[in-house]
Every structure is written in C-alpha cells, then in structure tokens.
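What follows is a single structure, written as structure tokens, with notes after it.
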C-alpha cells in the first residue's frame, strides 16, 4: 500500500495564491479533504495526481516525486476521478471503464483477458454491470458516476484521488459511494474531496483546507477534529453525537 | 415689319427657346424616371461600359470620376477612381458634386447615393439590344440624341467587317467561349453569344440555357467544340482537365486572350465591334497563341 | 447533471445502445457507395437517361467520357468526402465539440488566401508582385497553392496556440487565424479584383475537374491518414472523459494531439486543394455516425470517412443530374442533403 505526501506545495495563478505551503501525509485508508469554497482542495488533488506542476514544493508517492515518474507508471499507481460533468457521452459504459486499462496495455495493444477481468471486477464492485452496454450519456447521474468510479478502479491503482465523487448525487447514491470508499480504504489509499461533511466524517482522517492553507489534519472521530471543523466553517455547523456517531448539523441560530 | 410679323417672330423665338430648354425624361433600366432640365455636366460613372459609352458619345470631358475597373479610353485613367460597385467611396463621390451617377442595376451603393440627393441612372446590358438601348438613353440624357445611332452604326459596321473576315471553312463551327473556370460559358443568349452568332459560329450552349450557364465539363467535351475561346491563363490550364486534352487536340482554332484584351471581349459596350474584330483576327490565324 | 433525473433521450431511439448498429451502418454505407458509383457512371451531362448511357457506351467517345471523366470524378468525389469526413471526426474528437468541422484550425482560411494570392499574382493588376515571383507563383498552380496554404494556416494556428497543449487555446487560435487570413484575402481581392471570381469558385467548391491524378493523390493520402488516425483513436476516446482525466491515464496528450492535428491538416489540405471549400461534409458526416451508431473513435473515424464519401458522391450525382447539362454547385447540395437530414433527426429528438 502506498503513501502519498505533499511537501510545502505552493501553487497560484498570477496574484492569487491558491495553495500556500501545504504539507500533509496521506496514509493508506480513506482521507477526506474538506474546507470552505475556494480553499484549494481540487488544486491540491491535481497536484497530488501530477496533473499540475507546483511552483514550489513536491508531491511524493512513496518518497518519489510524482512528476518524476513516467506518465504510464504514474497512471498505474495513481488514479484520478474528475468532478462530474466533464465526460461527454458517446462510449457505452463498458467501453468507458475499459479506458481505465489504457495505462496497462497502452494506446496500441489490444486488451487481453487480464484487462477484461479487471474491467468486470471493477464493474461488479461499483454494481454497474447491469447497464454496461448503455451509452454514458443515457445514464442518470448516479449511474454515470458509478461507471466513472469503475473506470478508476479498473486502473488497479493503489492510490485513488476522487474529486467530489458524491456531489450532485441523491442520498442513496451518496451512501453507496461512501460505502464503496469505505470498502476500498482497507486496501487502497483513498483521498476524496468532499463538500458533504456528514460523509466526510465517515472517513478515517479529515484534512481541512482553508484559504490555501492546511489548518488541520486528524482522525475523524477525534473531538479536536470536530472543533477544528466548526471553526473552519465559521460556526455555521455544529457537531453532535447522535446514535453513537458524530453528526454534522447546520446551525441556523446565531446572528443573521 | 408689320406687328403681326413681329408677333410671329416673337412666338417662334419663344418656342425655340422653350424647345432648347425642354425637359428630357428618361426611364432607366430599373424603371425609374429621371428628368433632366439641362444635360448633366459632371458625370460619375461606376460602370466601365457606361464610361466607354459616354466617351464614345463624345462627352468624355464631362466625366469627373470613374470606378476602378474603367480603363478605356486612356484619358479616364487620370480621373479619380472611386472603388467598385460594392465598395464605392461614397464620400468622394459626393464631394465631386456630380449631377449624374451611372451605375449597374445591382449596385448596393445606389440607395446610399440617392439618399444623399444624387441622381442615379442605372443601366443593365445583357444583350446587343440592351447595349443599343443604353446608348440611346445616354445620348438622350447627354443632349446628343443623334450620336447614339452613329455609334451603333459604327459597331454594326465593325461586326459586319469581322463576319466577312471569318474564313469560309470555319462558318458553322461549334464554338465554346469560356467565361470562368467553373466552367461558365457564354451562351447563345448572352451578348458575347450574339456576336459569335453574327460571326457565323454555333454556340455549344444554346439560348435555352441562359446567358452564362455553369456547365458540366463533360458536356463541353461531349460537344466537341471546334473553336475554343478563353483567357490565356484558362487556356493554359485547360489541358490539365480530365478528358480536355483530347478536346483541345481536336479543335480547329484556340483563341487565348491575355487579360487586357479579354476585358474587351466581355464588356457590353461601344467596343463590341472591336471585340468582334479581335475574335475574327484570332479565327483567321490558325493556332493563335 | 443532477442526482437521478430521468435519462436524457439524446438518441431518437430509446433503449440500449445496439452494437449491431455499427456493423449495420457500414453495410448500408457500402451498399450506398456501390449504388451511387453506378449512378455516377450513368449520370452525365445528359442527366438520368438510361438510353443516353447505352448510346454513350456504344459511342466512340466512350473511353473518354466514362473512363476519363465520369469514373475519376465519381471516385474523386468519394475520396474528397472521405477525407473531409475523417477530418471532421478528428476535429470533433480533438476539440470535444460536436459542432467542430475540419476547417476550424485555419486550413480553409489558409487555402483560400493562398489561392487568392496566386490568382492575384497572375492577373493584370499585379504590379505589387515582382515578375519573377509572379512567374513562380503561376507555376505553383492553384492546387499546390491551396495545399500549402492549408498546411500553412494550421501551422500558424499551432504557433499561435503554442503547440497543442490546450484545446481551448487551439480553438481560439484557429478562429483568429481564420478571421485574419480571411481579411488578408479580402484585401488582396480589393487590390487585384480579377482574382475575385476565381476565389468565389474556390470557396464554393467543385468536383467538376477531378481526374485520375487527383484520385491517385487523394487515395494515397487517405490510405496514409486513415490507418494512422485509427491507431491513435483511443486517445480521442480518452479525451471524452475530459482533458485532465485523459492525462491521468498516462497519455502523452500534447504529442498525440499534435499528430492528430497534423493528420487533420493533411486530410483537409488534400481535399481542399482538389475540390475547393466544400461545405458541411466534414461537419455532418461524423455527426450522423454518432447519432445513429455511437461508438469508440476507432469505428467513428472510419464510418465518418465512409459517410462523408457517400454524402459528397450523392451531392455530386445530384449536382450533375438535376439541371443537366448545367451543374449546380456541389456545396449547395451537401448543405441541403446533410443539413436536411440533421434537421430531421433533431426534430425527431424534440418530439421523442
């Protein structure tokens, strides 16, 4: 299992500094990255995936710089899921998932039985085998997301970077995705940017970003983490114990 | 003289004076009537054939501005050039203060000029009859009505001369006159076609096809024209067209006109007679370059 | 893209994607191509006349008319359509835009400018060009000029976009180059108005003079461009996921994009230099394929080429046959055929 880490990452466009000296260690298991809008969460994920070049600092995978890896090797070890809405829908579900195997068989070679088995396994894990021959554009949001997740799983990468995998999904689908990430956490390093704080608390660890700086990282069941969360969101939420678990509740009391 | 005689003279004088100042009313090719109290003295011509007509009728000195395509007679080259029909320099035209502007029927600039108070006469010449009518109209406006017939008579004489010069063995030959490389031909119903008919040639594109039909290249090959007339550049590239080498090899005459002379052929104006003579010259000499 | 709303009925037919449609489409296209080829040989300057065809074959000009004129024109129309269909499919995949056409990256504008310059240099108003330059340009000929111009236009676009790094930049650069070169072309025609007619003929497009030389050249070009494009088709598939996602799959996107742009330039330049700027084929052919048989790009590229071929040949046959012995501009018919069918499909979608 792999450890992803960031060392003094800095990234900005022009006068705007999106990330300011962010360092963190992302150990195996499920880490949720949360924070107010514009905190730089997606940018951090992209830097960790090697999709952006930092102005300073490095992202490392098991000690090696992510950008120093060959593109195909990096693709086999780190998988990245974009926010919903980028995929256009001409391929059918199975063909989309098969794209995840590109890092293994390359642009020119034909897929082998190994590749087909990986695709089947990925589709089973995300429970989308039933509509594998339907066009991506025909599927509903939840179904499409499962297919895209299957694509990520098909790469058989040990590090999964997921950018807002549950946004725009209704509760049943959010729960299904969360359950999947929970399952994967035992064998992979899963890092997901989440806006959904209740789901974030299901993760092993929570990393809080605010204004381009990391202001907290800790276990999700740690009360200090909860306090940091309330603080990061300026008291707009409360964290309460309910049914033996910490729950996030929007706080509508207080000055308007 | 008796008082009655004086009165008669006075009436006659008045009548003549009135006749001299009589209004000239013409209807131009778009059907608009124009009235001229006096013949116009400052004329802008946006149509090369109109420029040539005005000069042929002896009123060249009255031209104050021409379009960029007018290039004959040589004197007009020194006049202000006012653009084409689509990009006429409206400001300059107005600044010249013309009392008559000659333009083609399809000119976009005409509305603008008329809105600015200029007087426009529009001409369209597609056939010999049209050319004659335009000459008559212009002559009437210019106040020299008898000149039109003189110019027309000269054109007819030149065409007859040209027809007489055409070698007997070429009479009745099939002719293909290419106007553009699409290929567009000059059909029998165009003014070029009429001239060719006067020279005794048979057009491969009959009148039913209209004046300038866009032909299927296969049709030209199939028609096996004995005489091919085109601009020099087109004729050079014709051999490269599929199947046309055979066509060209089988011709009796190939007439290639460099661009300056080509203008002469495709302009429906007072030089049609010269055009006919140029065509006849080409027919007289085998394989003109 | 919210939650679990009803699936978008983006195809006129509900239900599963039928992979058998892909095979079916190719069969239909092959049959159409065969039928239209026969039409192309029969329809000539005498229109749709069977008796004329028989007498043509018996006549002494048979070899010339059918062998030298109709057959190469028919094959040539298919090849031009094929090249444009391929170019359109590459453009739409590369730019991730269903409204892209192969002319978008400056190829059309560059070709038109080159044609205008050559025509102007050869015309009488060419005082601004030295006589040696004019002679050299004349030798170049319109075909070569259009090809060089098309490639030049794309090169300029790439230079402006600083390589094929970003799709949006590439697209914008293409638009800028198109506008600039168009303006330059207009300037040249103002200075040398004799070039205007030739330019208009070029812009309208024509299949009238396609001979065996053109056929050979285009066949060679298609034989090179199509297999190479198909080989790299999976990159276009990956691009449907989004640019960053495709990069995360380990693809060397800038290099592959550059190669695809080069293929696009080659295919479009060849087609445009032989037949002028035929409108609509490159836009409509891949669109039709994707609507009827959505598939990975390996299939779409081939099917788009085939659809383009059939479309242009149909337009060419109609152009010859409808007003024989006169001809309609083929670009008008491609717009009517392709655009009409697209309108019909869109209408069905609105109702379905």
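Read from first to last, the chains carry the letters A, B and C; within each, the first residue is number 1.
Simple rule for what comes next: a residue touches a chain if its C-beta (ideal position, glycine included) is under 8 Å from a C-beta of that chain, and two chains touch if they have at least 3 such contacts.
This structure is a prediction, so every number in the text was calculated from the model and none was measured.
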{"item": "Chain pair with more C-beta contacts, B-C versus A-C", "value": "A-C"}
{"item": "Remotest chain, chain A as reference, centres from CA atoms", "value": "B"}
{"item": "Rounded Å distance, chain A centre to chain B centre (Cα mean)", "value": "78"}
{"item": "For chain A paired with chain C, centre-to-centre distance based on mean C-alpha positions, whole Å", "value": "42"}
{"item": "Whole-Å gap separating chain B and chain C, where each centre is the average of the chain's CA atoms", "value": "41"}
{"item": "Residues of chain B that touch chain C when the two form their complex", "value": "68-69, 84, 87, 180-183, 209, 213-219, 221-222, 233, 237, 240-243, 246, 258-260"}
{"item": "For the chain C and chain B complex, residues of the former touching the latter", "value": "44-45, 61, 64-65, 68-70, 72-73, 122-124, 138, 141, 190, 193-194, 197-198, 201, 206, 208-212, 320, 324-329"}
{"item": "Residues of chain A defined as touching chain C within the complex", "value": "46, 49-51, 71-76, 78-82, 84-92, 95-96, 99-100, 102-103, 107-108, 131, 133-135, 137-142, 144, 148, 151, 155, 168-170, 173"}
{"item": "Contacting residues of chain C [partner chain A, same complex]", "value": "1-8, 10-11, 16-17, 19, 96, 231-232, 234-235, 237-238, 240-242, 244-245, 247-252, 256, 290, 294-296, 300"}
